[in-house]
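In the part that follows, the structures are each spelled out as structure tokens.
The same chain A turns up in both complexes below, where it pairs with chain B and then with chain C.
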Partner chain A sequence: MKFPVLRVYTVLYLIFLYAPIALLPVFAFNSSKVIAFPLAGFSTRWFAEMLNDDLLFRAAKATLIIAVSSSILATCLGVLAARASTRFRFPGKGGVMGLIMLPMILPDIIVAMSLLVVLLAMGVNLSLLTVILGHVLICTPFSVAILTSAFQSLDNSLEEAAYDLGETPLSTFRLVILPLVMPGIVSSLLICFTISIDEYVIASFLGGNQTVLSVYIFGQFRFPAKVPAMLALGTILVALSIALLTIAEYFRRRGIAKTGAKDTGGFL
Partner chain B sequence: MATTSLFDRVRRSEAASGIALISPTALYAILLLAAPLATVLIYSVMTDGPSVGVIWQLNGENYAKVWTEPIYRAVMLRSLLVSFAVTAVTVLLAYPVAYFVSFNVPASKKSLWLFLITIPFWTSYVIRVFIWKGIILGYNGVINQVLMGVGLTSEPLQAINYNVGAIIITLAHAYAPFAILPIFVSLEKIDRSLLEAGLDLGESRFLTFLRVTLPLSMAGVIAAVMIVFIPTVGDYVTPTLIGGGKVNMIANQIQVEMLKQHRMALGSAIAVSAMLIVCVICLVFLFINRRFLGAQK
Partner chain C sequence: MTVSAEKPTMPEKPTMIEFKDVQKYYGDYHALRGITATIKAGEFFSLLGPSGCGKTTLLRTIAGFEGISSGAVLIDGKSMAEVPPNLRPTNMVFQSYAIFPHLTVEQNVGFGLRKDPRSVAEKQKAVDEALGMVGLKGYGKRAAHALSGGQRQRVALARALILKPKVLLLDEPLSALDKKIREQMQMELIKLQREVGITFVLVTHDQEEALVMSDRIAVMFEGEIAQLADPETLYRKPANRKVAEFIGTMNFLPASIVSEDTGKITVDAEGFGRIEINATQVSKANPGDGPSVGFRPETLTLLFDGQTASDRESTATVSEVVYYGDMTYYDVKLAGSDTPLRLSMRNTPGRPVLDIGAPTRVAWSAGAMVLFR
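The block that comes next holds the complex of A and B.
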């Protein structure tokens, strides 16, 4: 008797979680301007309208530059921190790791405003670069979390064997460790990319005149006539996110299988 | 003696390698996180200048304003209440899901379930919030149409849109995985033989849950509470889109002061006050829990 209750509850909960992204394509393909049931009919006109929007393409380009740069930078920083914290003991580790992981729970607005204050005080012009600085900061904790589990499942004796066979620490890292944690690195890149694409607060505070996709969408929601096209764009973004996440999950699992660890599941 | 000094040397070199390896990431966090946060702290006791930037003049007025003027107090209080409600709703709704995945799903399927739970979290936050507001909870939204279709109401309810309730639902949706994952991890750690022992000793399933499973998973629940509570206090997108400027929370107030009024010092004082209150609440919560958990032993 107990099992079905929980199962039904969990399925209802999943419906609650998926309701928004399930409704998104329904209205993106609906021909009516009014975002409400009953549906008027199937149409791809909002996708066509979206593709004719030059400002949107400029925002998309800015987003892409930011997302690619910040995911690469954050993953590099993540590799260093995750490796250091799983392999070595050193004084002050708890404090340093706490600081690095802090943006994960610190409200984005605090991160954004404190960076803004410093950048303005230093006379730095707001641009794509300043958004990247902020995004690296908030992506790094996620990268560290993913990579820590990748490095943790490494067997230290593999590294020792490489040393015994005459490899230097650097070549050991390149030949033994890196291939084993590569799936974790790919997974981290994809997750950071997804976070950066979706991020709004930092992008709007630190972007200056450079509008990125999330900021553009946010602005367009003020105009009812623009909403359907934004839902079409949203449908594409959600599909892209799900594809990237699925690939990331695949790599994460492969990495765990490679090092022979037990899968505890989850990115966080 | 020789072995100790060798051991010390190795240990020292291990510490040195660790520090060297982590230094780029640590430096980045110090320069772009710790230093800016310290700057905000300093700004909060300075004086706002006529244009952007502050005058370097020590001043306690910002805090006096934030803590006494009704508008700031109202925003602060609203943020905290919304955050409390969101935390309670999110964690209570999440616990059974985490329990189901940990206890009733076969081990090989667990990561698939967790993956399914986290997917919506990673998809565009701005768009998800808009769908809650415009499509699900709106005046012509799905819920109103269902309620009218079933005949429960004859007119669309205004009560579910543009208000605190709508903000709570949207935030509870957004932060769901933050609650589920820590509880799941703590449930996974529970030694299953303890539960069998409970049942063997004649406890009912429910009492075993209450006296064994729940206390052992409290660490996860506490983590979930903090991880949901802290970021929701400062959430910006949801109150802005759903409240439509009528139900501002702290993040909106900070945005107004800093970007529109260019009152950097006052904005900083709001941020510092909010984080201070959050810290105190978290510490009190941890303290109460330690007492509570201590009494359980």
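The block that comes next holds the complex of A and C.
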């Protein structure tokens, strides 16, 4: 029998991808401080320790504020840019759209450094707001990419039909365009939220004394005693991610079923 | 198609749409070249032409989706220059139907009633009536995206007609349907138009569709109206050779003019010999072309054993046979001519279908022939 190379490769690849994540809950529920096999015994003490950590809660709250605001802001900007690029022709459109998409491939460190220099020179105090600005900058290209495809699949005559039936351009947008691109908007919000949550470089450069979750977790890894509690936190984050993606996929499929659009596989 | 006989008895209808020297440029491209025409109230009017002739652009200037470079479009006597599409007394049925996929059938049909001051119950009644009118009673709660092409077409019609527009614009509404459903919808549209009495303006590239449905047709080429007439006139006496070739099938034979008298022109036509053509039956040849006589396939009839022509007859040879079931189309070449002429014969029981190369006789009459010069 021929050796199933591709099958073995696929299995190894998936193990490499997911085994480390699968180990998070294993050690989070392990009673020993040492991250090693054999396991000592079942315990929820690391979860309790984590929940008593006030700094952690402050960091989590900061992260949540940043992620929610930057995903909403980036998606709003994305809607405007995607609408402009799909519906209108204007001079220099190619160049403008290219420049909007550029931060997607620009190293975050460059964005972080240049923003830091400018903000400090302008005398702006580093705060949650400055992190939000940085995150909007790097999230917007993703939002534009997702929403452009959503707007492109819209038949122009739908808009004309609403206009023809007595609606103004503004109410047409609200009654026809917005509902039809809603799956794209939800995708954009989720992607931006995810990008913002685990972003490290910009958050640590522009955060000032406001520590966000990613920066806090990395900081805690310097203390071996704190590591199991961070694994407990990681376990909760994994659970939340799965829940979030499940909800998002549910809404996406419901949207597709409702409009009879072709299932293009979503962003997953 | 044969309504022209009763036309003179009908009172002259008032004008609904008026184009006054409408010009439209897209950059350097001259899309509409001085369109001047009127569409009467209650008329089924078609804009017919090949793709790119400007017919859809002209329709969209009525709806307000296209601005015009100069000239004027008037609806019911009012200039539409400053009126946006949402305030015009027109509604449109789009080529893609443009059914809102996120709404139900009745939400689609009632879409234009959002700002209507009537009560919810009255609006619901209007929606039900509109659905009944297009034969979709009971479909109201269905999801619009689950409908078939023909049903979407009906929803689009109901959605436009519920607003009782002065003009209903139809942009190639039947082109996406199968032949059977298309023919059925043609009949339904004619019936619907007679019932509601609204002015219909249809854009189509299908000459047969235009002939079947319209009271009057504007044939357009390259941004201009080549001829505006009722279907019978278009078919019998096309204004020029381009229109003649676009509408139905027409045979052409080169001819030379022998003499011109008042009332008739004598020509020598290839294969036919000397014929007289009524002076009213003269149209324009293409620029640079010599004169020719043109005639429809039904002007020629094959003669079978024992039959004789009532007017004139010639010998000919069959060069092509196309069998359609109820009809057979033959191409024949007259003795002394190498130009194939298309003729159509009804297949009656017992009548043989001739083979290619068979010698035959054709009966013809110069009465319906048109001289292009």
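Points to keep in mind about this one:
In this section, the second predicted complex is superposed on the first by the 239 of 268 C-alpha atoms of A that agree within 3 Å, B and C clash if a C-alpha of one lies under 4 Å from a C-alpha of the other, contacts with A are read in each partner's own complex, and residues count from 1 in each chain.
The definition used in the following text is that a contact is a pair of C-beta atoms (placed from the backbone, for glycine too) under 8 Å apart; a residue touches a chain by one contact, two chains touch by 3 or more.
What you see is a predicted model, and the numbers here were worked out from it, not measured in a lab.
In the superposition on chain A, A:176 contacts chain C only, with no contact to chain B. Look at A:129: by the touch rule set out above, it reaches neither chain B nor chain C. When the two complexes are overlaid on their common chain A, residue A:72 makes contact with neither chain B nor chain C. In the superposed pair of complexes, A:164 makes contact with chain C only, with no contact to chain B. Looking at the shared chain after the overlay, A:24 reaches chain B, while chain C stays out of its contact range. Touch counts on chain A: comparing chain C and chain B, the chain ahead is B.
Of the two partner chains, chain C is the only one that A:155 touches; chain B does not reach it. After overlaying the two complexes on the shared chain, residue contacts for A:64 are found with neither chain B nor chain C. Chain A uses no single residue to touch chain B in one structure and chain C in the other.
Across the complex, chain A is touched by residues 11, 14-19, 21-22, 24-26, 28-30, 32-37, 39-40, 43, 52-53, 93, 96-97, 99-101, 104, 110-111, 113-120, 122-128, 130-132, 134-136, 138, 140-142, 145, 173, 176-178, 181, 184-185, 188, 205, 226-227, 230-231, 233-237, 241, 250-251, 254-255, 258-259, 264, 267-268, 271, 275 of chain B.
Chain C makes touch with chain A in their complex at residues 63, 65, 84-87, 90-92, 94-96, 98, 100-102, 111-112, 114-115, 143, 145-146, 159-160, 163.
Residue ranges on chain A touching chain C, taken from their complex, read 155, 157-158, 160-168, 175-176, 179-180, 258-261. Against chain B, in their complex, chain A makes its touches with residues 2-3, 6-7, 9-10, 13-14, 16-21, 23-24, 27, 34-37, 76-78, 80-81, 83-85, 87-91, 93, 96, 99-100, 102-103, 105-111, 113-118, 120-121, 133-134, 136-137, 140, 144, 191, 194-195, 197-198, 200-201, 205, 214, 217-218, 221, 227, 230-231, 234, 237-238, 241-242, 245, 249, 253, 263-268.
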